[in-house]
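Each of the next two complexes has chain A plus one more chain, namely chain B in the first and chain C in the second.
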Partner chain A sequence: MSQFLEISGLCAQIDADGQKKQILQGVDLSIPPGEVHVIMGPNGSGKSTLSYVLAGREEYEVTAGTATFHGQDLLAMEPEERAAAGLFLAFQSPIELPGVNNANFLRTAVNAVRRARGLDELDAVAFLKMAREAAKALSMAPDMLKRNVNVGFSGGEKKRNEVLQMTLLQPTFAILDETDSGLDVDALRIVAEGVNRLRAPTFSALVITHHQKLLDYLVPDRIHVMARGRIILSGGPELARQIDQEGYTKFLAEVA
Partner chain B sequence: MPAVTQTREAVEKLGQSTYKWGFETDIEMDMAPKGLNEDIIRLISSRKGEPEWMLEWRLAAYKTWQAMKEPKWAKVAYPPIDYQDAHYYAAPRKKPGPKSLDEVDPELLRTYEKLGIPLHEQALLAGVEVPEGERMPVAVDAVFDSVSVATTFRKTLEEAGVIFCPISEAVKEHPDLVRRYLGTVVPAGDNFFSALNSAVFTDGSFVYVPKGVRCPMELSTYFRINAKNTGQFERTLIVVEEGASVSYLEGCTAPMRDENQLHAAVVELVAMDDASIKYSTVQNWYPGDENGRGGIYNFVTKRGICRGARSKISWTQVETGSAITWKYPSCILQGEGSVGEFYSVAVTNNHQQADTGTKMIHLGRNTRSTIIAKTISAGQSDSTYRGLVRVQPKASGARNFTQCDSLLIGDQCGAHTVPYIESRNMNARIEHEATTSKISEDQLFYCRQRGLSEEDAVGLIVNGFCRDVLKELPMEFAVEAQKLLQISLEGSVG
Partner chain C sequence: MNALSKDMSGPLALFANRLNTLVGAERQSAAGALARTGLPDRKVEAWRYTTLRALGKQDYAAPPMQVEASTVRALLERVLQAHPAMAALPRVVFVNGRHAPAYSALPDDVDLSFFAEAPRFGLQAAPDRDPLVALNTALAEDGLVLRVPAGVDAGHVMLVSLGVGGADPLSFHPRHTVVVEKESHLRLICVQAGQGAYFHNPVMDIRVEDGATLEHLTLQTEGEQAVSLGTLYAHVGHQSVYDSFVLGLGGQLVRHEVHARLAATRGVVHVNGAQRLTGQQVGDITSIITHAASDCTSRQTVRNVLDGHARGVFQGKVLVERIAQKTDGYQMNQALLLSPYAEIDAKPELEIYADDVRCSHGATVGALDDDQLFYLRSRGIPKHEACQMLIDAFLDETIALVEDATAQAFCRAVMAARFAGRGEGA
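Take a look at the complex of A and B:
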């Protein structure tokens, strides 16, 4: 037991048009500190749901199983408590907040998390300096801090903005939900570098992706294949390459 | 800074009420009997020491009012008001207040705390009584300080030639000015509530800025000597001469405790050639409890006239309080090239109802108006934007831009937009944009995932929604208004 992230028998359902729909059907997953794990799997297998459930989205009802983070019962915590505890979710489709200045949003978030972690809040000057440096490292245009959160951002800009937030919030566990989708090769590399800069013995990530390309830059420790709400197969980095070439069909047939 | 302002304001009120208390020796007579009739109006007028013409004006207004019916077109519902079951005159007397903070409504204290008002100032604001011969220990300096500050400001204003005093003082000290302008923008018979106000108004401000003078400071009722709690029937008249300008702040972000349920204010603004008036309001009167009991009925008539060429009147309002809000700050754009602006945020929660908007009447050539109205509804509340843009035949080249955005929180509230557009000139250009949106679960979850509490998330999203209006407020006001928006919507999600 690593005591970092432990998921056991996790089941969750969502209310879809009045019908309960079971999406997670007993997920077992253990991620030790300092590792990058990848979840692959066909569409609709429950990958995004897993990320939402771990981050605490209320629409999903956990019906069985446990998830602990640093030994704490993750499922009993509010979303903002999970964030304060060090969990970060890079959204597959980042949300727009009209009228909310990006820098102001980031600073409010960073200070909320710092407060919860018992750190001093950053003043505007210190924060802006930090934010500008982080944005520059991600090759983001300086005006993106002044624009409204994700409003009018291109797909690539939104994804970079997610990585910027991750950099500033300094999580110990990051879930990246298809952060590579819709990115060109250069953007992909920049995003991957952003994640790599966070890599440390105390930092782990769970990367949801369909593509090998991102993994060339990220160099994962473990690959998990998810299907029908379960992890059906786990392996080393070579598994991702195998899937990239052969698709999921073979693996699905094996477990069926 | 805001807290300091609060202190001064509160301390001033304390000081004043003592002062007035000394004046009113006849305790028996400090409140008129219930009901409204000519005798009551005569009593008000004589108590105020008014000249005959003022009394005549009031009586005429009363006659007009008697022949009028309460308007029913607004989308607000409330039980019938018995106009004979109210006091129309109460001399400023000291009402028995709470003895210590322990006796003050904890809900009120919680709000003060959230607004960042220090403890000793909370006591002042809540009207905690100080035993005879004793002074508020912390506030002593503030008393002296505030008096000197107020005096300094008054001197500065006098040197600039600006008149800023209670309307009842102006009636006596500056009768010619008051007579020339009172009721010219909002005639007594304009509507039911303006007629009522004209008959019985007892308080309010008078501002006169002479030709070419830029008022050296922002005017707020706090700096007015003899200011007291906002009256039930407030009457404000602001006249700005050629090339002069003024910015006037009305209201307070701290919640107002008031025993009077019915409020019917009238505000009149007059701008001459190249004059400019900026009128900002933050209204946070008692909205009633979460079940819709109690709360202020606020029926306001606010109107300004741009008489002169290139003159400008700008209304900015943040309306979060009152059980019923019925309010349409308007501009009559008479002077050529004059400009009218209306920036509004109206927040309703629980069972509050607001029907608010503006009227832009384009009379002169090349007149321009801008309307930005943001409506936020939560709980079981109902909010309506009602606005009129009218372009008269002579207003060639008139332009209007209107944007009405509604934000819904929860699924039991309502938001309505009722724009009236009447153009009688082919050259006019009128644009109207409207949106309705909800704070989505996605937005809330996104913010919370980044570490914000649900309340902070709502505050952030709502403030973002209102940004175009809030940026029109004077700086300190804007900061307080932001906090206020969040407080008003507390408990509206989840």
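Take a look at the complex of A and C:
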């Protein structure tokens, strides 16, 4: 058993119109260091909920199970503590922050995480240099650092901004929730290269996607299929290609 | 001559000693009007949300002639040091309602005199319209009388009003007049600051003549126990601009009441503002914008951030007279409530008698956005800092409406100094 990310029997519910709705129904998942895992599955199967629960969104109530990260109880940590510990969630729909300058936001985040990790804070000059280089590597227009966070960004720009944040925060575990959706082929390649640059024996990723295309660039180690709040099937990279061609129906029928 | 005392009940009694010894027809007439109306209570529609109970029960004396110089200097320095540009601006400093030449650095390009030299009450601020104006008329001792000659760009002038309270309640009632003549331009920065308990009751009478522009920032950082009730009249001429912004950070009870009149065609009025209040503070921004001519524009965006038991009041009336066709009016009041005990009372009003106008208004009230908060925290930003960032952003969007770059930078610097530890990554 690895000491990287271990999820066991995880159940979570959300309050929907006064009714408790059980979304995760016993997720078991183990991700060793240095690997890229993929979760696929039909809409509504709980993929995004899993990512939110791991990142610490308060609206979801964990009713059973455990999740540990580097041996620590992830579920007991505040969202900012999880980020400091090295977890990063690239949002499926990045949030707009009117009135918050993107560069200020990035610098505040980077320095908060550096502080928590016992590193010196970066001054404005050092930070901007680093941010500009990272933005350039993602083919982002220089003015995107000056604009308000995600406000007026196109879908593709928002996703690149997520990858920029990931690059600057240097997580050891990244969850990419449909980061490929709404991207054209070029943007997809740029985003994938951004993720690949982080790949290291100490970095793992959990990629939520519907499409094989991203996986052509990312080359995953393992594929998991999620349905009805559980992982119903796991396999090698060939599983993703099979799903891409045949759809989920066959797999869902097998476990039904 | 004075049969006033028997009529002075309620809060007005606190001023009875001074009101009974007035000299001059205008002052006596104002006192007479006051005796009939009293100071407003909540039964008066315009004061439904703001009570004057904060005035307390002790008599208000005229301020002493001597004020500790070190106290004044410390207050003034706090204002001037908020931003590096401020110390270099010409300034007129009032201490407890009286001009204090020792602290002023008078401007060159304007005509400057003082109310105390030759009291004139102006035409717009009719005492019988508003009891607080009547009180000011009765008791005004001094005030700034500033005139920008036609065609002159006078740059910046600061009007710094410092209040220094003592053991006993004191009140001061400055009467300011600002005239910006044809085709001229003035950037006026009014700062109200102080310490201790006092009652500041300023009236400002503004005329922006044809083709002229007045950019006007009012910063309210009154003393914690201060009551500050200001009334401002702005007469806006043909193709002239009155662009105002009030940044309200307290006192105990602070009201900023604006009566702006678009008197000739193609005038523009902005009555924007932001309030950030906490504890038991009450901040009231009340405005009446009258479109009395066609093709005029008025804009009003006010945002409030209220914490603790603080209460914000927004009353905004846009009156469009029958003649004022092609009026373009916009009014928006938004509040962020940070505590379950904070309160906003918003009363937007449109009263339209013309038939070809474009007017809209709206109001929103809410808490911090959970999605935004989670997004920031998921990036490692601690909750407290994330909240602060969102609060700053909410107010900063209105501060961005201040077009004068110096005034805008001043607002931001004051906010940064006052709410230290904020998450700007600074």
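Simple rule for what comes next: the second predicted complex is superposed on the first by the 256 of 256 C-alpha atoms of A that agree within 3 Å, B and C clash if a C-alpha of one lies under 4 Å from a C-alpha of the other, contacts with A are read in each partner's own complex, and residues count from 1 in each chain.
Just so we're on the same page, a residue touches a chain if its C-beta (ideal position, glycine included) is under 8 Å from a C-beta of that chain, and two chains touch if they have at least 3 such contacts.
As the structure is a computational prediction, the values presented were derived from the model and not from experiment.
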{"item": "Combined model on chain A: chain C and chain B, fit or clash", "value": "clash"}
{"item": "Which of chain B and chain C A:Gln212 touches, first, second, both or neither", "value": "neither"}
{"item": "Which superposed partner A:Ala55 touches (first chain B, second chain C, both, neither)", "value": "both"}
{"item": "Contacts of A:Gln72 with chain B and chain C, given as first, second, both or neither", "value": "neither"}
{"item": "Partner chain(s) touched by A:Ala84 [first = chain B, second = chain C, both, neither]", "value": "both"}
{"item": "First (chain B), second (chain C), both or neither touched by A:Arg107", "value": "second"}
{"item": "First (chain B), second (chain C), both or neither touched by A:Ala116", "value": "both"}
{"item": "Partner chain in contact with A:Gln242 - chain B first, chain C second, else both or neither", "value": "neither"}
{"item": "Which superposed partner A:Gly99 touches (first chain B, second chain C, both, neither)", "value": "both"}
{"item": "Contacts on chain A seen with chain B and repeated with chain C across the two complexes", "value": "55-59, 78-80, 82-84, 88-89, 91, 94-95, 97-100, 105, 108-109, 112-113, 116, 165, 169"}
{"item": "Residues of chain C that touch chain A when the two form their complex", "value": "370-372, 374-383, 385-386, 389-390, 392-394, 396-397, 423-425"}
{"item": "Contact set on chain B toward chain A in their complex", "value": "440-443, 445-454, 456, 460-461, 463-468"}
{"item": "Residues of chain A that touch chain B when the two form their complex", "value": "55-59, 78-80, 82-84, 88-89, 91, 94-101, 105, 108-110, 112-113, 116, 148, 165, 169"}
{"item": "For the chain A and chain C complex, residues of the former touching the latter", "value": "55-59, 78-80, 82-84, 88-89, 91, 94-95, 97-100, 104-105, 107-109, 111-113, 116, 124, 165, 169"}
